[in-house]
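Heads up, the next two complexes both have chain A, just with different partners, chain B and then chain C.
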Partner chain A sequence: MTFLQLIRKNLFRKKLRTTLTVVSIFIAFLIFGILASFQSSMNAGVDLAGADRLIVTNKINFTLPMPIAYVARTAAVPGVQRVAHASWFGGYYQEPRNFLVAFAIDPAPYLDIYPEYILPPAQREAFLRDRTGLLVGKAVADAYGWKVGDRVPIKSNIWRQKNKSDTWTFNISGIITGKETRVDTNFVMFQYEYFKETRDVGGDTVGWMILKTADTKENERIMRDIDALFANSPFETETKTEQAFNKAFIEMMGDIGSIVLYVVGAAFITILLVVGNTMMLTVRERTNEIAVLKTIGFTAQRVFALVLGESMLLALIGGVLGVLAAFLITSAIAQSVSVLATMTLTLDTAIIAFVLMALLGLLTGLLPAIRAMNIDVVTALGRK
Partner chain B sequence: MGRTLNQIAVVTMMNLRSIPQRLWTSLSTVIAVAFVTGVLLAFLAMANGFAATVKGSGASDVAVFLRKGSEGELNSVLERGQTQLIQEAPGIAKGADGKALTSPELYVIVDGIKKSSRTKANLPLRGLGPLADQVRKGVRISAGRMFRTGMNELVVGRAVSKQFEGFELGRQIRLASQNWTVVGEFETGGTVFESEIWADVAVLQNLYQRGSTVQTVRVRMDSPASLQKLRDYSDSDPRLKLDVQSETEFYTGQSQGMNDMIMFMGWPLAIAMSFGALAGALNTMYASVDARLREIATMRAIGFGGLPAFVGTMTESLLLSAIGGVLGTLFCYLLFNGISAATMGGSFTQVVFAFKFSGALILQGVILALVIGFVGGVFPAWRAARVPLLAAFRAG
Partner chain C sequence: MSDALIVLKNIAKRYTRGKQQVRIFDHLDMAIPKQDFVAVMGPSGSGKTTLLNLLGGIDKPSEGEIAFDGKRMDDLSESKLAAFRAANVGFVFQFYNLMPMLTAAQNVELPLLLTKLGPKARRERVNTALSIVNLADRARHKPSELSGGQQQRVAIARAIVSDPKLMLCDEPTGDLDRETAEEILSMLQTLNRDLGKTIVMVTHDPEAARYAKRTLHLDKGHFVEKDLNA
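Let's turn to the complex of A and B:
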């Protein structure tokens, strides 16, 4: 019998106990995998923000508008390569609970600034040509089963048309997919020109501007220059990097990071106790047997490795199963909930999970292993 | 019968007295159950605190008029003509001078800096009509004074001055190239309004270039029953056709989404963790039975029944998890009760709320602990009850 076989045989001798322990480890890693994926999807906007992108909003708050004339004036600031603007629509489909992240954009520059949005060239052309065209993110298209060529009515809880209707009807010209899974595609976009001409109030204002800088080292100066340009006007601005803007937005939800940390921490301490305790029990029950192993020539080091190997194997089996289950569950959530479409178990999460498995195996096995190593053959066998 | 009871008492005492021999095993069960209870209660207290703050904000005799389909105050727009029509509606309480008690209000967003994270967050800035203090009851100025009509003055809610920077008493604030002064702080008994900043509606209309439009109109009704009269009035006039809700209904609706989300996370997490703790409890109790195999068999041999062995093990398991449940509750209560947190409420704005425990919540936590104790005890207890007599000779 090889050493590994011995460990395996030991582990599955008490099947019920081992199964229960594996279940508790499995659950700890399942919780970790799902919560870490959730957090990573919340942070995707921060992690994937373009370093060369700046966001200009109204200084009082980003929900307030600014004149469209700002776009041309901003484009003239040295170092600014491309400027686009967008306006929040407050959209929903059929019923208010089918909330849509919808905004009106300046089409060509907007799509140029966001290279992570993949759109077939023919669909892009179609969108630019059709004033009532609509670009639909894949997450939304999947949720409502929309296809290119469909005509969809979208309602606004903010705006009204000049004829007092709250419904705009669009032709779907294209479906946007993300360059990678974590790129958020839970949105729809349409042409600002169409929006401006049909809405009853709002005039020549836009919601915010997005710009691309030629050189990220110039970002600080460009931000200062833009805000100085509009200082002391009725519409003062505040310019931030896209990353800072997205970070502030997420933090308004509350401290998600801390909540995830507390819950995962609590789950792991619980499991640490359960598993550590089981390992202690196991070694205590096998005192005689270990003494026999030592008598037939097992060194203290080998006995130590035997016990530690068992706890490591335990952590690995439960952990890998837990991470796999978390992967399946997050994929299922991402496909069914469009708000969480970017939820995916990243490689980083999997690596952290492996480190945690090693730590768990080590922490729960160390004390029992030392104890096993120190078992005195004469006393143990003499006890009988 | 008396004999069986007596036997149960004896075996149970033996079980409990032997706990110190398995101190670490038992302790690990207690702590595992404590953590599970603690996590569940933290989520429940968060949901409960949020709901209490938001739902408690509404008065049943105040009605809110919003544009149809606007969902929140931020998206609503009411024209001057509509504001005037509302004043003539039936069922509105009258002030001393015979004027209908209505408050046309603006609701816009300004930035505050969250003290905890030092990041910007949205705060609602509400413009109040001249009669607002008679429409809204229970507002108390806790420091400084109320803003004066026509002045660039602000009063801030108590939660805003506690959780956010930049709104200290006497502070000058610049909004759209005009200077504003914070002149007072107000309390409304822990409701959503304490997360708001208030100013004169006319001054804000000017600042935000809203002309004579407002976003909502609040009215004090002569009784909560007048809501239907207001609805009929609004529906019958094509110039109005507005959403009319009592404040209570309005804020209950606003709290629903967040409440669902917290519950949606809290219960599944607690249940998943319970399975982890359950595995620990089962292992502990099986170990307890195994350790006393010989003892149990011997007692069976001298005439003890299977029931006492069952009850003894069950009691041990329930006791351990009950201790865990109580410890978890206590710990969670000391750590979180009354702690303030802020999150996004309706209209993208911040709502400051406090974690709030209640008897009903604690009961749920303790029940969960006892369920773990029950399931974790019943199988090992079954094994204890069926220990064969021969085990007395075989074991050891």
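Let's turn to the complex of A and C:
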């Protein structure tokens, strides 16, 4: 028998109580794992945003358009290396529930500005050649089983064609993969020219501009210059770094960070009380046994370690099982829900979970361990 | 008194109970020779258990000195006293006080977790201790699967496994029937005679006291020695 085995034997002497406590810790860490993975998935766009990329939108609202002429004028601003534009399509496949992140792009510059998108050269060429070509992110291709050469109809819940149809038909020219797994590939893109010619309204306008700067130190000045360039016009602009833009976009859905904090915080406070109470009860029940251990030579420090080790082991078992379950669930979600394709339990989340496990074990075990350490042998054994 | 294992000199012991101070011992002197087997008898509240607590280093005197094997132990820190108990004293309680979730062998092994012995050496020591108390075949049984007498034998094995010089037994047969009690007392006698353990046993039972080499009567904090075995 080792010291650790003694801790384990103590922990599992009341199997039902320990199992229920482990289950409650398991649930807390499951909630944490899933919510943190969701938050991480939402923040992936912010974390991976290029420092040298700026986004220019309509100042009133980023859903409002701006003239396509702005693209050339922006390109002339000193320090701007490359400019592309994109327009929101509001697409879905067959049924509205099959929502697609779809937008019309200025093909060559757009692909140049996003080097994290991997597209085989032959597919890139095919896309540039075909006005009705469609680039499909891998997450979407996997979700619908699409492959290069397929012809797919995509409907829009915003736009209509001049013939009043809400459906555009595209040829899939290429499948885009991400340079790393966290790169979101849940989108489809097609040529702006085809979109502009076929849509019934909108004329020569685009949704937003993306530009690459030559030197990130110049970003602040470039942003000011661009917005000044279009000031007092019918289409004033607001220029932000891509990171700030993505962050603001996510925050429109709600402050996910705060939601995660509140839910996880509530779960952990509850667990703290449940486990802390269980540990106090455990020590109270074992007063006599602890006194015997001290009588046969266990020091107060060793008794302290014995009780604290028990609460640490309890937190570790429930926590590790919870994190493992969260990993399996988030992986399953990522595979089956295309809009959450980047959802994964990251190493950072796992490390935070381990820190939380240690804190939980420490906080719930500290008072009972101090109590056990201070048990007076004479008084405790005199109870008999 | 060079052959004394433990010497108590001018011991006073006082407890505070509520607002009252209770005096247990006052100017108590005592010497227990090596390999002695002493029974301590006396009415309830006479200080028998307090005496065992002092001898075993789980309580400290209010005044006076206690020396074990020539070295003072009353001024040791709590952690040093714990180490002293682990190395020198084996305790046997009236209600066995075994850990219910551990097997007999694991209960016996407990004091060895405080030593530097490896798993193999610990296993050998445990087997030896269980053989001495004739319980080698019950090594894997938990306390709830053993009779009262068997549980007390496991407790004795736990007390001797680290080969202490002193064994302190607090009413070791108080919870057993006559036949089992005699078995346990004979075992203590053997441990004293064959293995040279010094034993101090607190008991209410004059029959149990007969197994000791001598009996001390404690009354109002003072000894009256009577040689019942002469």
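Quick note on the criterion: the second predicted complex is superposed on the first by the 384 of 384 C-alpha atoms of A that agree within 3 Å, B and C clash if a C-alpha of one lies under 4 Å from a C-alpha of the other, contacts with A are read in each partner's own complex, and residues count from 1 in each chain.
Just so we're on the same page, a contact is a pair of C-beta atoms (placed from the backbone, for glycine too) under 8 Å apart; a residue touches a chain by one contact, two chains touch by 3 or more.
Note that this is a predicted model, so its numbers are computed, not measured.
Participant: Which chain, chain B or chain C, is in touch with more residues of chain A?
Facilitator: Of chain B and chain C, B contacts more residues of chain A.
Participant: Tell me the contact category for A:Q243 with respect to chain B and chain C: first, second, both or neither.
Facilitator: Once the two structures are laid over each other on A, A:Q243 reaches no partner at all.
Participant: Regarding the shared-chain residue A:N219, is it in contact with chain B (first), chain C (second), both, or neither?
Facilitator: In the superposition, A:N219 contacts neither chain B nor chain C.
Participant: Examine A:T299 and indicate which partner it touches, taking first as chain B and second as chain C; both and neither are also allowed.
Facilitator: The answer is second: A:T299 touches chain C but not chain B.
Participant: Touch check for A:N157: first (chain B), second (chain C), both, or neither?
Facilitator: After superposing on A, A:N157 lies in contact with chain B but is clear of chain C.
Participant: Is A:Q39 touching the first partner chain B, the second partner chain C, both, or neither of them?
Facilitator: After superposition on chain A, A:Q39 lies in contact with neither partner.
Participant: Which chain A residues contact chain B in one complex and chain C in the other?
Facilitator: Shared contact residues on chain A (touching chain B in one complex, chain C in the other): none at all.
Participant: Sort out for me which residues of chain C touch chain A in the complex.
Facilitator: So the residues of chain C in touch with chain A come to 49, 53, 56, 58-59, 78-79, 82-83, 85-87, 91, 93-95, 97, 99-102, 106, 109-111, 113-114, 158.
Participant: Using the touch definition from the top, list the residues of chain B that touch chain A in their complex.
Facilitator: Those residues of chain B that touch chain A are 24-25, 28, 31-32, 35-36, 38-39, 42, 69-72, 74-75, 77, 108-111, 114, 116-117, 119-122, 175-177, 208-209, 269, 272-273, 275-277, 279-280, 282-284, 286-287, 341-344, 348, 350.
Participant: State the interface residues of chain A toward chain C in the complex, per the touch definition above.
Facilitator: 1-3, 6, 9-10, 12-13, 288-289, 292-302, 377-378, 381-382, 384
Participant: How about chain A: which of its residues touch chain B in the complex?
Facilitator: Contact set of chain A toward chain B: 16-17, 20-21, 23-24, 27-28, 30-31, 60-61, 63-64, 90, 96, 155, 157-158, 166, 201, 232-236, 247-248, 251-255, 262-263, 266-267, 269-271, 273-274, 276-278, 280-281.
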